[in-house]
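Labels run A, B, C and D following the written order; every chain starts at residue 1.
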Amino acid sequence: MADTPTIDTVRALCERYSNWGRWGDDDEKGTLNLVTSEHVVRASSLIRRGTAISMALPYDDAGPQTGAIGRFNPIHLMIRDGADVIAGSSVRDFYGGVDRNFRGTDDLIIMPLQSGTQWDALGHVVFEDKIYNGYGAEWVSSKGALKNSVKQASDGMVGRGVLLDIPRALGVDWLEPGHAIDGDQLQRAADQVGVDVGPGDFVFVRTGAMAMARANGTWGDYAGGDAPGLGLGSVEWIAERDIAAVAADTWGLEVRPNETPDVFQPLHIVFIVHMGLWLGEIFDLDPLADDCAGDGVYEFMFCGPPLPFTRAVGSPLNPMAIK
Amino acid sequence: MADTPTIDTVRALCERYSNWGRWGDDDEKGTLNLVTSEHVVRASSLIRRGTAISMALPYDDAGPQTGAIGRFNPIHLMIRDGADVIAGSSVRDFYGGVDRNFRGTDDLIIMPLQSGTQWDALGHVVFEDKIYNGYGAEWVSSKGALKNSVKQASDGMVGRGVLLDIPRALGVDWLEPGHAIDGDQLQRAADQVGVDVGPGDFVFVRTGAMAMARANGTWGDYAGGDAPGLGLGSVEWIAERDIAAVAADTWGLEVRPNETPDVFQPLHIVFIVHMGLWLGEIFDLDPLADDCAGDGVYEFMFCGPPLPFTRAVGSPLNPMAIK
Amino acid sequence: MADTPTIDTVRALCERYSNWGRWGDDDEKGTLNLVTSEHVVRASSLIRRGTAISMALPYDDAGPQTGAIGRFNPIHLMIRDGADVIAGSSVRDFYGGVDRNFRGTDDLIIMPLQSGTQWDALGHVVFEDKIYNGYGAEWVSSKGALKNSVKQASDGMVGRGVLLDIPRALGVDWLEPGHAIDGDQLQRAADQVGVDVGPGDFVFVRTGAMAMARANGTWGDYAGGDAPGLGLGSVEWIAERDIAAVAADTWGLEVRPNETPDVFQPLHIVFIVHMGLWLGEIFDLDPLADDCAGDGVYEFMFCGPPLPFTRAVGSPLNPMAIK
Amino acid sequence: MADTPTIDTVRALCERYSNWGRWGDDDEKGTLNLVTSEHVVRASSLIRRGTAISMALPYDDAGPQTGAIGRFNPIHLMIRDGADVIAGSSVRDFYGGVDRNFRGTDDLIIMPLQSGTQWDALGHVVFEDKIYNGYGAEWVSSKGALKNSVKQASDGMVGRGVLLDIPRALGVDWLEPGHAIDGDQLQRAADQVGVDVGPGDFVFVRTGAMAMARANGTWGDYAGGDAPGLGLGSVEWIAERDIAAVAADTWGLEVRPNETPDVFQPLHIVFIVHMGLWLGEIFDLDPLADDCAGDGVYEFMFCGPPLPFTRAVGSPLNPMAIK
């Protein structure tokens, strides 16, 4: 790949690895079709210690978002709270003046569905006016995603998980922004810890970007800025393994700056639009990485469905690695 | 219990079954302390067919909420969509006029955290100015729950699940509003399908209320109106089994009208404030019930963590039964 | 007009009264161009008693919206409140533990911009892929209205106001749903109280629909249901007078059911898209009508600018009649 | 005032200028009681040129807020837009598949009520557990301000306005952060342009802070940082003139850092809590200042009611100076 990759490179990858029609013309599940009940049963055998580890970053105003491209950190507000109780106004204000010896608290969230740990739905990216499986982009209107919504995954995100800790494989604390992860590095990380990656697997690629932000004490330009991540050289490795999903500890999964000056987030086009591959972002893989480094076991049962938001193109979740 | 139960009945139950201090004076996890790693490992052996069943009701504007007590159905809005792409204005409107061959869609949710399938946090109910473990209610202010927030459960909602399908046990399609489920009925439902309920279990009590709403073609007063549910006569059975959590397919878990004319939702006081028991509501148990009726197996691995909303008193989730 | 009016009737009206190009090809202000400084000066002479009367319905959860077409009543939430102060947790929760003898309260609103008393922006209606002055509808994308936004009116809604109280003119408490107001009725209402309507005027047409809802003690189907309002027979009268804006006390200004079975809200098409006429809805004209009936004066100074929401297609406001 | 002022200074000012009880024990309007109908009639004579000038900063994501203390810039989202029309999916997505030749657009705002140009309600500040007129702070709970809400002003913000352009009076482009405006400077600005300030007036104090932000091309720490503004030395001048309201072009009206190290925003305590004086903030006074400098006339008719948000402690508005 001596020449600078371009939109034509991306188009070629799309054509080569397209899954359009593979699971029927009306498919909206994409690579989740690759997860079989046998995979789920086998994954259950990976639960040996009885430990559940969350990969979710807390959803709050300390998150990485800056407001750019409409993504802000979750806004949490109380509808009723305990201070109202202490102030003595709960019954008057909320219970119509009748005291039935009960005081409740309630709250509310306002959040972009891709503001924290998230799955991208297959309707999240449009390329040349199409979304996954060839549906026209008009299926994702102001009404939401009538095709390829995140709800398609609500039963399906259970199976075998594998952590590929790239900085650990390379002997560094974290990958530097601009580091493009290729297939060789993914394979090396798998080999070093003795795991295979195969059909129906959920693959978690750690870059260390979140660890770097923690070390720096600031998110910096974590959201949308330069970052390590998957590069064009990872496509073949990922596509040929028929995995169910891939998630990373970065804002956008891909290396930034993108290797294609004329294409923003080229792998999103190949993976989401053409392969129907589910992508996860802003997964906090540090606790899991610590645990795996501790016991040397990099595979686990994974349970991480999105919330079934009807017509949504993304969803927060609390992804669990169970070992 | 010949006399009408009152606030004193509730106080007596609180005193008898209180877990304040049981797991330390600074505990905020309550009954999730009862889930051990052995429970999780044993639960994994319940995955036999490799089937994952969601218990989440879709989050959308067709949900049961009416706006009462500040709870409305989720409001979903698009930040950018595919129609913008088709209209040809995406690059101009969202990409600064520079076309990098990429088009994304994004969306946003506004929702009360208890508007759909949900966990109640231990800070959700205040009784006599206190929340679980004796913290003062002022810990739940406009800032949110600085104690007993839902995030306390973010690693912990994994273990053995048991479905108690009460209408099936009683030979009816659904329990009528006002039907108070007691310990005998819970035990009968368990006995009929050959399951025990014990420490650390996640217990799902099906009343059929959601099936009734589906049969009627309308939610009616599902949200906040009369309903079947757990009654005072269930407290001993539940408390003595040391379960981790209990969830139902109703708006409020408890029988309505409440058996205590002077106390609204008395079990919320006993369970949440004094026992530190995690309660789940608006769980859609119908698909799971169908599956269990089909294979006769009413136990399963459960994975259903809340989203780690910092300082929240409730959380939506996608609870999974894996069999 | 013996035949049932159709889309062709609407097209003919659009053609006859179109203002496209009248104020330049790049105009976005429409009929507000008709308000001159002389009008404003003359209007000031109508302030005789020094009384200011609001025509805004309060913005709160008691409003008329039902959630239909995405319009719900405003959701008001506190960010910080006085109960936090009384509970003694303000300093800890909001002021970093440092007490500087100050306690503030703050709040927040979530509202569709057309959920209450409102101006429609000229970008609010699309007809045959165009908005006012011939701009393509793609100028109103997910990014908002880059043309014809409500901000165009932020300096311009000041001038002479005239109340046309149709039920009073007709000797009834309110017009019945389905009552189509025509030019003769508008003229009769003006004549009875001795006012002329002319260029640059702000005309407020009272139907009594809000009074009816008040008498009934319920909004009923005020939002989106059958209603009295302007009919096709009012177009000539309104268009030929070159007024600046027209507002009514109904949800949608027009008679419902619409007179055109094949066209929803036909006057919105004629008025907004082709005439560039500013329309106001859900104005509470009852206090003003009472005042005018009291002193017999139906003209006044009007000040009612929208809030300058950038790229918005509507805006709440507090319209004032000053007499 | 040789000694550093403290909370005792503030308490003394509160005691000296308190209006508690002045307009009755149940008053919630405060200094708006000072506006008479005669004032309104006289103000109308100030309309000579027929020019209306908005003092509102546009409400959008380019505003000054940073998210601190829960105040973020308005979030504007489309519910339906013109791109849906162009994409051809409007009828399918929003009109139930039935084409009635109409296409509408709708939108929504999420905003802290004090995120832009705003009035503070009299319930916005609590001092020693009390709000204006001696009501307990528990009247402002999670339910909102049941006393002293912004709706109290919905009929009353009409009268004579006076612009005091302090930087112009002092011969500078803008006042520097930390500049405390005192009574002498206010009087000098009035004298230079030949206006008196008296009972019932609406006084607009320009500091030039917004002009500075414009010159700098960035808001910097406009929201909450150091700023010019009213100092303790302005209290006597303002209190003794019995004005109706005072507004400025800064985030918080007062000089920052505050002159009282132990009290944050001391004038808010004196003005709002004890005098019941209405305060306006983030008013864009630059266009008005330009106009006044042009014609040498610094008085005008003012119309600037808040939106009647029920139970709110603040409100955006579009304040108009009419000359």
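The rule is short, and it goes like this: a residue touches a chain if its C-beta (ideal position, glycine included) is under 8 Å from a C-beta of that chain, and two chains touch if they have at least 3 such contacts.
Here the structure is a predicted model, which is why all the values come from computation and not from measurement.
When chain A is fitted to chain B on its Cα atoms, the angle of the rotation, on a 0 to 180 scale and to the nearest 5, is 180 degrees. Annotation: the chain C:chain D pair of sequence copies touches via predominantly the same residues, more than half of the used numbers being shared. Centre-to-centre spacing of chain C and chain D amounts to 25 Å, using the average Cα coordinate of each chain. In terms of their C-alpha centroids, the spacing between chain A and chain C amounts to 45 Å. Residue positions 77-84, 86-89, 94, 108, 110, 137-139, 141-143 of chain D each touch two or more of the other chains.
In terms of inter-chain touching, the protein chains here all touch one another pairwise. Within the complex formed with chain B, the residues of chain C that make contact are 61, 67, 72-73, 75, 78-81, 83-84, 87-90, 93-94, 110, 137-139, 141-143, 146. By the touch rule above, chain A contacts chain B in their complex via residues 7, 10, 36-41, 43-45, 47-54, 56-60, 62, 69-71, 74, 76-83, 85-86, 94-95, 100-114, 123-127, 129, 131, 136-145, 151, 154-156, 158, 262-266, 268-269, 301, 303, 305-314, 316-318, 320, 322. Against chain B, the residues of chain D that register as touching in their complex are 77-79, 81-84, 86-89, 108, 110, 142.
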